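Both complexes below contain chain A, partnered by chain B and then by chain C.
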Partner chain A sequence: MTVLILTSEEDVTADMVVVHLNASGVPVIRLDPADLTGGVSLSGEYVHGAFRGHLQAADRLVSISGLRSIWVRRPGTAATRAAQPSSWLTEESAQALYGMLRGSDARWMNHPDAARRARHKPWQLRLAQRCGLPVPATLITTFPQAAREFADRYPDLVVKPVSGAHPQDPPRAVPTSRVAPDTDFTAVAYGPTLLQRRVPKRADIRLTAVDDRLLAARKATLADADPDEVDVRFASSDLPWQPADVPPRIAEAVLSYLREAGLSYGAFDFAEDADGTWWFLECNQSGQFGFVEVETGQPIARTIAEWLSRPGPEPHSRVNGSTTRVC
Partner chain B sequence: MTVLILTSEEDVTADMVVVHLNASGVPVIRLDPADLTGGVSLSGEYVHGAFRGHLQAADRLVSISGLRSIWVRRPGTAATRAAQPSSWLTEESAQALYGMLRGSDARWMNHPDAARRARHKPWQLRLAQRCGLPVPATLITTFPQAAREFADRYPDLVVKPVSGAHPQDPPRAVPTSRVAPDTDFTAVAYGPTLLQRRVPKRADIRLTAVDDRLLAARKATLADADPDEVDVRFASSDLPWQPADVPPRIAEAVLSYLREAGLSYGAFDFAEDADGTWWFLECNQSGQFGFVEVETGQPIARTIAEWLSRPGPEPHSRVNGSTTRVC
Partner chain C sequence: MQPFALNYARPAVDLEATAPYVYDTGLQLNVLFDGRVAARDFALLRELATTTSTAGSKTHFDD
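This part shows the complex of A and B:
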């Protein structure tokens, strides 16, 4: 049984995992959907009530029923490196590839439906609440008056995008920023705005979850840190990431979150306050882990490789991104 | 409890359903996500472990927790009619709206995840097989040699797009066409091609499923019909659609299909052969039903209105497009 990795050619994080898969002798096929109809070919036949499908990349041919797991790392857009790319060819190729893979019994990290759903921050916040994770007071609104009233109740706020990265070319992360006390919220009417109570933090927490394996890392905030530096991705602190224990209640809530979200991988960001409470900020279903692994020495790549290597497909197929019986 | 309909302003099919909802006194709010930050506003607050959200359209304000059901009919792309539209505003607005609605307990017709998954034709064919529906022998391939061998085994073939409508502006349906006996399949290497055994048909079947209510219609094929006219959407026959009984085995398989697909609405197309067998062609999760209702008098709009009107949200929330327990 083979592990399929969908990612671009240059992907050091995938390389880290492949090293472990190779070391344990698990067959791997790695391809980028962008190469479809170029270096990547596919074929699937539906005859007499059965399906037989194949993928070919770099002269390796694998059977779709022989896939044990599929790792959706950083795949390119289908067929964009074809000889004559077009939006029509992209659509046809994406539907053919993912349509066949979705019908397989392989385990996904992460299933495309679960991945897409998990990107919705309003949904994340609601699910985090339901699973019992502490969520800082948050407002998402196009009503200026609602923003003003929220700022009266919570005077120390940050603003962040609802959707994540700005669709520039290449896309760029939009930093979370502090809201000035005298902010005029009139412009809220022109675009949904996410306001959140700022958590005065003594550390950032990155909790990497691989199925039921939780690996947390903690990066302390400098005592004299500028309180305007709220976004750890853009902060100047050079304190290191260090392994941290996961409080049992957080562990239980995170496992519930993953189960309900249908995710087998998630990178959770928390802010730790002065009381030691971990406040949920977000769960990125495709979050990087290389920097944490390098600084902490935590075996994240190996844990992913182990999950991908588990023998055989799901006993119940994950057609829906959650476990269900198929007909 | 209110019914939310997401669709464009001009939508006669939605009008047909609204008539029934109004007649039974069920509150309805109808809005087009394209009008976000213009005529449509939203707000959602996450405080003390709870969520309170609201939508406003045409001076009607509804609570998101007060939604009993959400009908995703033909919504426009979010915020495209805003004062200053942009891809960033569209992304922010779509995530805000659908992110909040996804966190609600309302029943969906259809849930966005289920809808997206259901568009994958290779996945449809596999699910139809698994549910026991007869599926004509089909090949989807980029290997010319596989296409040649398939054409040797099944000399009478049709070709159709893998993905559906061609992304022109406006998008246009690509007709299913017959494959000439002397076809050269070399070009298959440049784009995935779907070949299917042609079913010599004596009728087209449209089966409209609203949850567990199945309404089938049959349009007989003229005895002297041109066998090259394989696509009923483009055929010249003026024989009418007439109500038809659903064979019990087909009914059972269709209900399995809907359950596994997480769909509460589906428009199934079958070709009926000379033996009376219904061959599965596709299931369109957003298929039109107006033309069938007009010709057959079947109460499809009323059945949809009844489903949308059922009191209260799901006992289990449909976070995944399939029924699961939430934390």
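This part shows the complex of A and C:
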């Protein structure tokens, strides 16, 4: 049975997993939904109570019933590279592709429904609280007065995007940034704003979870680091990421989070404070892992490949209300 | 009228523009110009930072 990887061609991080799948002899088909209906084709028929579907990318043809797992990595928007792209064609193509795949018995990393829900940061914060993860005091608001009062209670704040998305016209990044004292919060009225108590950190933690396998890495913060450099992605530190042990209570909470979220993969970001407490910042359901593996040597790509390689489900059909194996 | 968070925006980095590899549809992998598989060259990946969590670029929308 085959592993389907939905991602862009330039996703070299996905390559790290494909290398392991190739080494273990597991068939792989990799395609970008953006290439529908050019380099990628699909077909499915629902006849006599059964479904038969196929996908083709380049010269590879695979039966949808022959998929053991589907890795939704960094897929492009469906049909955006078609000869005559349109929003209508994108919707048609996305419905056809993901609709057929949703009908397969393959395991997902991660299922689109779970992924969509898991991208909501406010939902993440609440789930993290319920799972017992420490969450810094946070406010999401369009009320300038609420922001001012929050700043009175928590004078040392950071601001970050609610969605994690970044403006594209022109392309910009919005790093987590420290909010200066006496900041004017009037512009809070022009867009939902996420303010969070800054955690004075001695390290950043990236915990990559692949099902029940937890691989944590720690990047220490320099003692003389600029406290305005909040976002590790934009910090100038040369200190390396190093493997770290996961405290048992955190491990238990993270596994609970994954179960509740219906995720088989998650990249958790924590800030470690001076007491050693790991403060939950976010969980990216498709977070990057390549940079961690490159620096720490942790076998994240291999672990993902092993999860994707597990035998697919036995094909079943429902007969008279009971589950019957199809031979 | 700009939302508060955009006061902290900065130009995005386009990492893909400088990648010294190209996708091989037969291998389903990115291949360096000398034929080697890019994903096996960790030193290069570290140098290029193409696997890094750096928000705002094409393949890093969900870091």
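Note that in this section the second predicted complex is superposed on the first by the 307 of 327 C-alpha atoms of A that agree within 3 Å, B and C clash if a C-alpha of one lies under 4 Å from a C-alpha of the other, contacts with A are read in each partner's own complex, and residues count from 1 in each chain.
One rule holds for everything that comes next: contacts are C-beta pairs under 8 Å (C-beta built on N, C-alpha and C of every residue); 3 or more make two chains touch, one makes a residue touch a chain.
The model shown is predicted, which means the values in this text are computed figures rather than measured ones.
Return first, second, both or neither, reflecting whether A:Ala50 touches chain B, chain C, both chains, or no partner chain.
In the superposition, A:Ala50 touches chain B alone.
Tell me which of chain B and chain C touches more residues of chain A.
Chain A has more residues touched by B than by the other partner.
Which partner does A:Ser256 reach: the first (chain B), the second (chain C), both, or neither?
It touches chain B, and chain C stays clear.
Looking at the overlay, what does A:Ala173 touch: chain B (first), chain C (second), both, or neither?
Second partner only, chain C.
I'd like to know which partner A:Pro161 touches here: chain B for first, chain C for second, both or neither.
Touch status of A:Pro161: both partners.
Between chain B (first) and chain C (second), which does A:Gln288 come into contact with in this model arrangement: first, second, both, or neither?
In the superposition, A:Gln288 contacts chain C only.
Which partner does A:Ile140 reach: the first (chain B), the second (chain C), both, or neither?
A:Ile140 contacts chain B only, not chain C.
When the two structures are overlaid on chain A, which partner does A:Gly132 contact: first (chain B), second (chain C), both, or neither?
It touches chain B, and chain C stays clear.
Quick check for you: in the superposed arrangement, does A:Thr277 touch first (chain B), second (chain C), both or neither?
neither
Scan A:Tyr190 for contacts with chain B and chain C and give back first, second, both or neither.
A:Tyr190: touches chain B and chain C.
State which residues of chain A lie in both footprints, the one left by chain B and the one left by chain C.
119, 161-162, 166-167, 190-192, 194
Which residues, counting only chain A, touch chain C once they are in their complex?
Per the touch definition, chain A meets chain C at residues 8-13, 15-16, 18-19, 28-30, 39, 57-58, 74, 119, 147, 159-162, 164-167, 170-175, 177, 185, 187-188, 190-194, 206, 233-234, 267, 284-291, 293-295.
What does chain B use to touch chain A in their complex?
Going by the criterion above, the answer is residues 36-37, 41-51, 79, 82-84, 87-89, 91-100, 102-103, 113-114, 116-117, 119-127, 129-132, 135, 137-143, 146, 150, 161-163, 166-167, 189-192, 194, 253, 256-257, 260-262, 319-322, 324-327.
Under the stated contact criterion, what part of chain C meets chain A in this complex?
On the chain C side, the touching residues are 1-14, 16, 19, 21, 23, 25-26, 28-30, 37-40, 42, 45-46, 49-63.
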